[in-house]
C-alpha cells in the first residue's frame, strides 16, 4: 500500500508500477484530471489546497479500508496539491487484485471517499480572470 | 475509438495514451493479466486462440455499445492473442469521460462483454507440464 | 451447396482439424450442417449436438438457413479477457 | 487554556487569516471555541456557526471537549479528487 499527497506532478505509469504481482489478474488505474470546462465556464486551471497534516492520515485510512474490502493491499493512491493546469492529473488510484470485481469496487470506493472525506479544497480559475471555491461535501461523522 | 486484437505485446501506457482530452475529467485503465495460479494449480502460461476474422468486429461492436452508454467514444480496447507468460497483459481497456461514473460503467461493460461474447479461448499451461482449455461463457443471443 | 466449416479450440482438438468443406442440400439449417459434420468421423462425433455457431462471422441461431458458400464456425464457450 | 485555530480555503479568505491562538475557559467545547472565534472580528463573524471541525487532525463533533493546546481546524465542505 502506498499513499501520498503533495505538489509533485503525478505520472500515471509511476503509480501503476507500484501495484500488482503475478497473483493479480486485474489492475485498475483511475486518473482524475482538471477539466477545461465547468458548469459552462472555461477553466484556466485549479489550485488544490489541503490540510496537509490531516490529509495524509485520511488518505491512509481510506486506502486501508479499501484494502480490507478488496482483500488486497496492492493499492497506490496519490493526490496532488497546488496549482494545476487543465489536463493535469489531480489524483491517481491504482488497485491490483486477483479478480476484477474487487479492483473495480476498491477503486470506486477510494475515489468516492476521497471526494467525501479528504480535506482538500479546489479554487477554480477561469479564463475570464476570476476564481472561486468549488462547493464540497460534508464528511460523514463530522456532524455536531 | 480504437480496438485491436493481435499477437503484439500490450503496453499499458500506449493504450492509455490513446484516450482523453481536456474535456475528460476521468480516465480509467483496466488491465487483465495472466495469473500464476488458477484453481489451486501453478500456471506456467496461457495461449489465447481467437477467430480473428470475427473477433475484430465483435470487439468493435462492444466498444461502440460502451461509447453509446458513456456518451464518449474516448475508448481504446486491445486484446492479445498467442502465447503469454504469467504477468503479461491479455487485455487493456482505456476509457476517458467528462465524469467518473461513466468511465467506470463503460470500462466494466466492456470487460464483461468481452468475457461473454469475444470469440477467444484460453489454453492454460501448468508448471506440471499439462494444459487444458478453460471453461467459457455461452454468448447471449447465440442460443438455438 | 458448399458450406465451409471452421472449428476452434476444444472443438478443433476433438475433430482433429480446423476447417473443412461439406456439400449440403439446399434449405439446410446450421443445425442440419452440424448433424452432417458430426457424422463425418469419430472425432467429429464428439462435437456437441447444439454448439454455439457463427455464420459468416456473426453469432447465429441453429435454425438459421445456410446459403451457398457460407462460413459456419463452431464456437466453444468463449473465454476472452 | 490555549486553543490553536486553523482556517482553510473559503474560511481563511473570510477571516483573512489562516491561524490564530485564543484563550478559552476550561471545559470549552469545539462549539464554544467557534462562537468565541466568530466574535473576534468582522471577518470572523462571517464564518458559519456550525462548521465541520477537526480536533488535532481528526474529524470531531462540535460538542467535543477541548483541551489545553488542542489544534482546532475549521474545514469548509471538502472537494478532493
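A, B, C and D label the chains in the order they appear, each numbered from 1.
As a convention for this text, contacts are C-beta pairs under 8 Å (C-beta built on N, C-alpha and C of every residue); 3 or more make two chains touch, one makes a residue touch a chain.
Given the structure is predicted, the values throughout are model-derived calculations rather than measurements.
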Query: Where the contacts of chain A and chain D overlap, which chains show up?
result: none
- request: Quick one: report the Å distance separating chain B from chain C, using the average Cα coordinate of each chain.
  value: 26
Query: How many Å are there between the centre of chain A and the centre of chain C, using C-alpha atoms for each centre?
result: 50
Query: Once you find the CA centre of chain C and the CA centre of chain D, what distance in Å lies between them?
result: 75
Message: Quick check: what residues of chain D touch more than one other chain, meaning two or more?
response: none
Field: Residues of chain B touching at least two other chains
entry: 32, 111
Pairs of chains, among all present, that meet the touch criterion: A-B, A-D, B-C
Message: Under the definition above, what is the set of chain A residues touching chain B in their complex?
response: 12-13, 16, 20-37, 86-87, 98, 100, 103-104, 107-108, 111
Field: Residue ranges of chain D touching chain A (in the complex, touch as defined)
entry: 6, 8-10, 13, 31, 50, 52-54, 57-63, 73, 75-81
Query: Contact residues on chain B for chain C in the complex?
result: 32, 49, 51, 53-54, 57, 79, 90-91, 111, 114-123, 133-139, 141-144
